[in-house]
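Next, two complexes with subunit A in common: one pairs it with subunit B, the other with subunit C.
Take a look at the complex of A and B:
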């Protein structure tokens, strides 16, 4: 059965790779924003050195890693979400229910395939550009990179779990665009996409650290910047895994309710 | 053995309508209201009815994505709603207006995926794909991304996708909608072949009555959630009170011809249109006309199935269900 999901993921990877111009345009956008944000951070760190426990080079590196993660982890939504929303609108969602495959598993597989493609393009290319233009502090040890990739994979699962829940509201609302917009704002803020969460003061910082959004950007950058090692790293994976599993489980329950609703009440 | 068994199946929906500023009224709509029929293995049955008659609701219940409010349903021996995933492996579904194909990828990729989803053994997969490619003319399309296919090509692609796993039952919902004559003929030829050779049971929903005339030995007409007719195609004509028309060109204009069992529906100069029951032979009428009037030319027009259906829809309350 695993073969199905593997070929779904592979198909999604290939599907995204057919849009070369979009990939190129997106990569350029990420790079331009990276340059702007990195320059801003440099100015900020010149005024306040050591802010949040990062030195200036680390802060700039943080920006480039987060630019690489933005689309890979779909911090502001998208990916399978666009497809699924379109299927609600067109009614094609009924076709999905005829298939003898797991609905959530199917979409998770497509999202992992998409993330794989985008990691190689919109993740890696802006980071390479950033490394060429700025002094970044990136690890030389391949093991750290492997640890980073694992946390990125978990970040995608957490992100999928959140987006899946947002999209499921489409079964009731027919249109989950509003829910999605609200989540984009929250997600950009609490993931660490705008600023490292270490800069958030007091309660806000505490809140940001327990919400699932931190698993999407803050934690993978912590791995690559070696801010979490040893047992700290294990705890980080534990946090990502726990949120990923919890969100998938909630999504599964929501899916059962939604299918029941369609099946019993009619579409 | 009956592959599809439907016994007194009902399905109602609750519709909320606004009543004044705050109050909402709940109304129950019976989409399917006591439906009973059985389809034998290898049959090809046309399922027709006006929009909103309950066709899609029936098909949704037969595939298990809608639970009936009452009655008993069996498809290939199982209760569809209770065992939807299991049933999905044994049925094929094609919607003319929807697609199961992978939009951005070559057609071939969607078939590879179907092979994995339905766990089709390699040899069978190859044989089935070859057959579909040949009969549906898909050879050159296999490596084309689905989004670049025309509607007719995509429809053929969808048909193949629905049949790769050798389903014993095939539900088709308007498979020829929007297609040109050539594509329609290809699709119909393929379906006829599949039904005959593979003994695939087919339930075909359509508004294109040529589909029915060319493919189905049996027609079921549904209206207001009830079957108003179930029988061979010819019965449609009997029940619908079909008439054939004899068009005669006389040597010169003449008052309407008076013959028993024949009614003149129109005259235009020397041409007259004579209507008579569809079951009756045209020969004695032609002979009778020729005996009395010099005949220049003649033709016989068959009843249009559309008109028959329209009459049945219009008077469905009056037609007793068999």
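Take a look at the complex of A and C:
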């Protein structure tokens, strides 16, 4: 049974690898935004050295890691979401529900395959560009990179859980574009994509740290910048796992409710 | 103009086509009035999170690269108004690659209305007004918070700046989307220039390396949207030390951008070969 999901994931990986022009264009976009945000961070850290427990080089590194994660973790939305929304509109969703595989599992497998390809391209290439243009502090220890990869995988699961819920609203609203646009802005802000969460003051900071969005960008960068080690690292994985499992469970319950509402076009 | 007697009439027809198609999409949106009201309100509120990042940065420092929050707010507001207005007017041209791929561009080419006007109005989304509302609110706030002596030339400069900025961003939207005539799925390149460009302009020019600032003056002419005219409005010195005339050159830059975008569109349309041919 697991073999099905593995080949679905492999198929998604191969599918995305055929969009070469899109990958190149996207890499350029990530690099442009990396340069912009890294410059603003340098200006802020020149005024306030050591802000939030980062030195200037770490703050710049934070920005480049987060640019690498943007598309891999789909903070901006997209991936399976585009396909699924189109299938709501066309009515093909009925075919998906008939398949002898788990609906949620199928789409999770495609998303993991997509994330794998994008980590290798749109994750790695902007980071290389960033390393060429700025002074970055990246670990030499391969173990830290392995810990980082595990954290990224969990980040993709949390992100999938959130996007799956947003897409499910399509069962009721027929059009989940508005919900999706709202979630994009919220997750950009609360994931730490625009600014490290350590810079959020008081209650806002506390809120940002308990919401699932922090598991998408802030926590993987914490691992690579070695801000969380030992038991702190285990707690970090625990947080990501707990949110991932909770979101998948809510998604499953929502799906069970939603399926009862399906009225296929023409029927 | 003698050999092109129809130029003005053609432009008028293009605007009218845009207006008619837009009206059609607005009517279709208004069929779900409550849904529209909610999504516009949500969009406006949520785009404030974007500005919140700037507020958070300034909660840790009084000045960013020598600029105050009010001055940076002026840059943020002007850049976002220009981008937001351009996005409302022609933002849909980014869907060109999809139309080339699916072949539906052909349908537009045989209709008796200019293809560019149709493409710009296609799937017109009133929700995009949310961003514009937020941008005007930030700009309005910054104008009251700025410590500037409002002489008549500075007051006049603000609407001219917004107008030229909008034209420049419109030209960038159209010009960059023409790449998709040749390179169908490179839609994101356009984002790097338009959204990336707007983000650059939200921050003081002193934040960035001199090469990047020079690139926005002599390369992609983003600096003419707000950086250069803002130097005059805010009474600041130019980090590049350019002649003062550059601060007033936005209308010229906007005209050149429109010309370049027009040429790119024509070249793209001429190179277009329909799917399957």
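General remarks:
Methods note: the second predicted complex is superposed on the first by the 262 of 267 C-alpha atoms of A that agree within 3 Å, B and C clash if a C-alpha of one lies under 4 Å from a C-alpha of the other, contacts with A are read in each partner's own complex, and residues count from 1 in each chain.
Here is the rule we use: a contact is a pair of C-beta atoms (placed from the backbone, for glycine too) under 8 Å apart; a residue touches a chain by one contact, two chains touch by 3 or more.
Note that this is a predicted model, so its numbers are computed, not measured.
Within the superposed three-chain model, A:4 lies in touch with subunit B and out of touch with subunit C [touch as defined at top].
Touched residues of subunit A were counted for both subunit B and subunit C, and C has more of them. Applying the stated contact rule after C-alpha superposition, one finds that A:14 touches subunit B and leaves subunit C untouched.
In the superposition on chain A, contact of A:131 is made with neither subunit B nor subunit C. Of the two partner chains, subunit B is the only one that A:95 touches; subunit C does not reach it.
On subunit A, the patch touched by subunit B and the patch touched by subunit C overlap at residues 19. On the side of subunit A, the complex with subunit C involves touching residues 19, 21-22, 24-26, 28-29, 32-33, 35-36, 39-40, 42-44, 46-48, 51, 173, 178, 181-182, 185-186, 188-189, 194-195, 199-201. Contacts from subunit B toward subunit A in the complex involve residues 11, 13-14, 31, 57, 60, 63-67, 81, 84-86, 88-89, 93, 95, 98-100, 102, 104-105, 109, 112-113, 116-118, 145.
By the touch criterion stated above, subunit A contacts subunit B in their complex at residues 3-4, 7-8, 11, 14-15, 18-19, 90-92, 94-95, 97-101, 262-267.
Interface of subunit C with subunit A (complex): residues 35, 38-39, 42-43, 46-47, 49-50, 52-53, 56-57, 59-61, 63-65, 127, 183-189, 191-192, 196, 199-200, 203-204, 206-209, 212.
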